[in-house]
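The letters A, B and C name the chains in turn, as written, and every chain counts its residues from 1.
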Amino acid sequence: MTVALLHVGTGRTVVTAQGLRRWALVLGVALLLAAIPVAINLWPVHAKALDRISFSSSQPYSGYVQSAGLLGLPALPNLTQVTAPLSGTTEMRTWYASPRSWRVDVLGEGTERDLYQTPEAQYSWDFGDNQLIRIEGDQPVRLPRAADLTPPELVRWLLSAAEGDKVTGLAAKRVAGVDAPGLRLTPASPDTTVAHVDIWADPRHGLPLQAEITAKGGTRPVFVTRFLEIHFAAPGAAVLTPPAPRAGIGYTVTEAPDILGVINRRRPVSLPSSLAGYPRRDAVRGLSAAGVYGTGLSSFVVTALPGRFGAAAFGQISTYGQDVPAPSGSQAALIATGLLNLLVVRDPGRTYLVAGPVAPTLLERVATALAEAQT
Amino acid sequence: MIRVELAKLFRRPRTYVIAGLLCALPLIVAIFLATTRIPPPPGQGGAFLSAVLSNGALYPAAAMALVLPVFLPVSVAVLAGDAVAGEASAGTLRYLLVRPVGRSRLLVAKLISLVVFVLFAISAVLVTSYLTGITLFGASTSSAGVALPPDVTSLSGVTISPAGLVLRLLGTVAYIVISMVGVAAIALFLSTVTDSALGAAMGALAVLVTSQVLVTLDAAQAIRPYLPTRYWLAWIDFFREPVLWRDIERGAGIQLVYLVVLLGAAWANFLTKDVAN
Amino acid sequence: MIRTKDLTKRYGRTTAVDGVDLEVREGDRYGLLGPNGSGKTTLVRMLLGLVFATRGEIEVLGRPVPRRVREVLPSIGALVEGPGAYPNLSGRTNLAVFDAAGPGGRRRDRRARIDQALERVGLGGIDRRPVKAYSLGMRQRLGLAAALLRPPRLLILDEPTNGLDPRGIREVRDLLAELNRDGVTVFLSSHLLSEIDAFCSRVGVMDRGRLVVQDDLDDLRVPTGRVTLGTPTPERAVALLDGRVEHRAGEILTVRHDDPGALNAELVAAGVTVTAIAAERRTLEEVVLAATTGSSDRVERVEAA
């Protein structure tokens, strides 16, 4: 045993045996301590297989969520809060009492961005900006945000989208200390980039605890969101009460908290009722700056961006992405990340941003369709 | 023996020099911030630095964030590296041992005196930075007279009452002490291996720097939770509402593991080591 | 008091102490002699449990070392290879620190004991200067004071007079003699023959790690078979002793003869005036030189090879 000979050059002495016994004890303790996490990991998981997930949105919970995306999106102007969670690790705390009462904190080193839903309004708090925002009314069009990426929220969206997709059982897994059975969702549509979505849920409440999205052609999931801690007790009222506006912090009231909402309010445009064979799904009455086309995992979002902002977005995407053929008078560029693909189409009057987990070939057809719809 | 170690600690001028340097860093930063009023962009620079411009009472927390990543661990590593090796090369170790002082007792006394040093240094930083913050940045809302510290904003936007702030600062101090105990254990172990105080301090710093690098490296994700510096900044979670205990608990746990294993290694090594210098 | 059996210490390839069977008896003034690098300090460190032997047994004050060394250390005063002190503290504070570090040593009489120890080593009037401002001799005296803080039964001193001036050496010798009269066993190492010669009752000689001589000083200084003789008429004595005179220096003659009494009678009978007569004894130097294989230089050269 070489460790015992740390006393360099001394060789064996009358106390060497004693020293070896001490080292053995220390090594034993170290191994024991190191074995604890290993043992927890190796502890067998017992859970029945799932063939479907149904969970009620009235199930209260609170927990600690970690999401990790490997999408590698460039930082787009005004959109970093959307791209960051998809390209890196995000840690969140969440408390959920009911659909009208919840809170999600996005934790950063020395900072925090919180979103509160109360029966009256939404509140967002940003410590870095020292800004409290009250968001009134429902937001017909808004950007995705970190709070949409907790396992229950993400799975809610995926399941609402998944009709006619194939469901198979998966080996159970321990998530946040819960032995969670799993299932795999394989989309039927050829146009989606998603190979399959794996979901593990709490066996008692059906609450999704972990979701992994694997893109076509990949072996490892490109997006994972999971609970690291979960509690099923209803959160207290104090936790769900947003900070009160007061002197010393900024306070604004708005109906459109993000850029998409702003565009939607100021410059509504009309979008075609179908694109590349996909009908527009959520036709909001009146005009809107954004529309969802298609269903399930083969759906995509189209947004019309106003002049200056559109030019900036186009510049950014064409720098990182590759050009796509478009009818004369228009330009188009595409960023392919494997899972989420971004298309920007620009002509003299307007810029369209298209995003979705759909194949680049479909987006090329969308580009042509959009450029033609223009005229 | 513990009393002797403490006496030695507080009779050495270097104890006060190091504490003074630790206090000086936040002071210098505060002077620049107060004169220019240019806050670092959120998420960059030291934590809380942008917040202190509006409320000086939070400056102790900002000061902790300034001294913790480099200054404090370096001083702990230097002192702990010197603990046994320094006595060995000064020739006092053998006279302590023939007094006789038990070798295990000596190690424990050294560790305790290091803990006391960290407490002393942090308290000095807290007090000076609180005074600095109040005088240079002022208090945002002097709600109840001048004597009381004003309410401060937690990371979650909710106000922290003065009593709450004191409790959270105490928690911070305790957590930082625990984090530094891990550093001390590494350096103390190396100090029993080599007779060069500088070598022991350098070794401990090398471990810490490596750990800091690995923490930020995605490829080393698998070992991240076990790195000694992984949870160093978890004390910031004391300033969230409600307090986020997850990382604090893990950080304290991992430091205790390092303490047990490395103090054990120091003990196993030192008890049968020749004191021939 | 001290007994070792086959005590051996190897540092890697060097054997610092090699099969030493040391025996120090109660009340001894034991002097350990040996050239540089012969293993004296290593032996002392092993006796105090600072260094662990490669092989062999040690018993100090009836207890096995290093197993139960902590039981005997409180009754031992030690000085190992030079004094050690915290340089930024004063001498008095240094003694207080060391006294408080060990067990026993009540707080109440600490001051008195420190004062007494300082007085004994001649530092009674010491001021509050830090030790780093001390001269070499003062540090050496401070080290001795530390060894005397608690009344010891056994003193183990490695080169106690290192760095002292002749007067200082004399003072230390007197101090040790006084302690020894009070029943303290003194074990000291040195490479100064004169010091051992003047103080010790028992001598051990080390050479390249081995204890080559261990005996009472008186037994070592056997007569050489020569007699030194003083006479105002050396010519007559030389003529009378015819060829037995080995050396003549003025009125002092060295004569090969076993018995000074018989020689005296012979000379007086022949009418030669004898002013002084004594059997010549071996000096310690001769003993040491005969026992050791080479000078320290040569040891070094062998070591370096």
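Please note the rule applied: contacts are C-beta pairs under 8 Å (C-beta built on N, C-alpha and C of every residue); 3 or more make two chains touch, one makes a residue touch a chain.
Source: prediction; values computed, not measured.
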Seminar exercise, completed: When A-C and B-C are ranked by contacting C-beta pairs, first comes B-C
Exercise. Can you name the chain whose C-alpha mean lies closest to the mean of all the C-alpha atoms?
Worked result: B
Problem set entry | Whole-Å separation of chain centres (CA-atom averages), chain A against chain B | 36
Exercise. What whole-number Å value describes the gap between the mean CA coordinates of chain A and chain C?
Worked result: 83
Exercise. In whole angstrom, what separates the CA-based centres of chain B and chain C?
Worked result: 51
Problem set entry | Junction residues of chain C, two or more chains touched | 11, 52
Exercise. If you look at chain B, which of its residues touch at least two other chains?
Worked result: 272, 274
For this session: Quick one: which residues in chain A touch 2 or more of the other chains?
Result: 10, 13, 15
Problem set entry | Interface residues, chain A side, partner chain C - complex | 9-15
Seminar exercise, completed: Interface with chain B, chain C side, in the complex: residues 11, 42, 45, 48-52, 69-70, 73-74, 76, 78, 80-89, 93, 97-98, 100-103, 146
Problem set entry | For the chain A and chain B complex, residues of the former touching the latter | 6-7, 10, 13, 15-16, 18-19, 22-23, 25-26, 29-30, 33, 37, 64, 93, 105, 107-112, 114, 125-130, 132, 228-229, 239, 242-243, 246-249
Exercise. What does chain C use to touch chain A in their complex?
Worked result: 9-12, 52-56, 66
Seminar exercise, completed: Residue set of chain B touching chain A in the complex reads 41-43, 46-48, 50-51, 54-55, 65, 140-141, 153, 155-159, 193, 225-226, 233, 236, 240, 242, 244, 246, 257, 260-261, 264-265, 267-269, 271-274
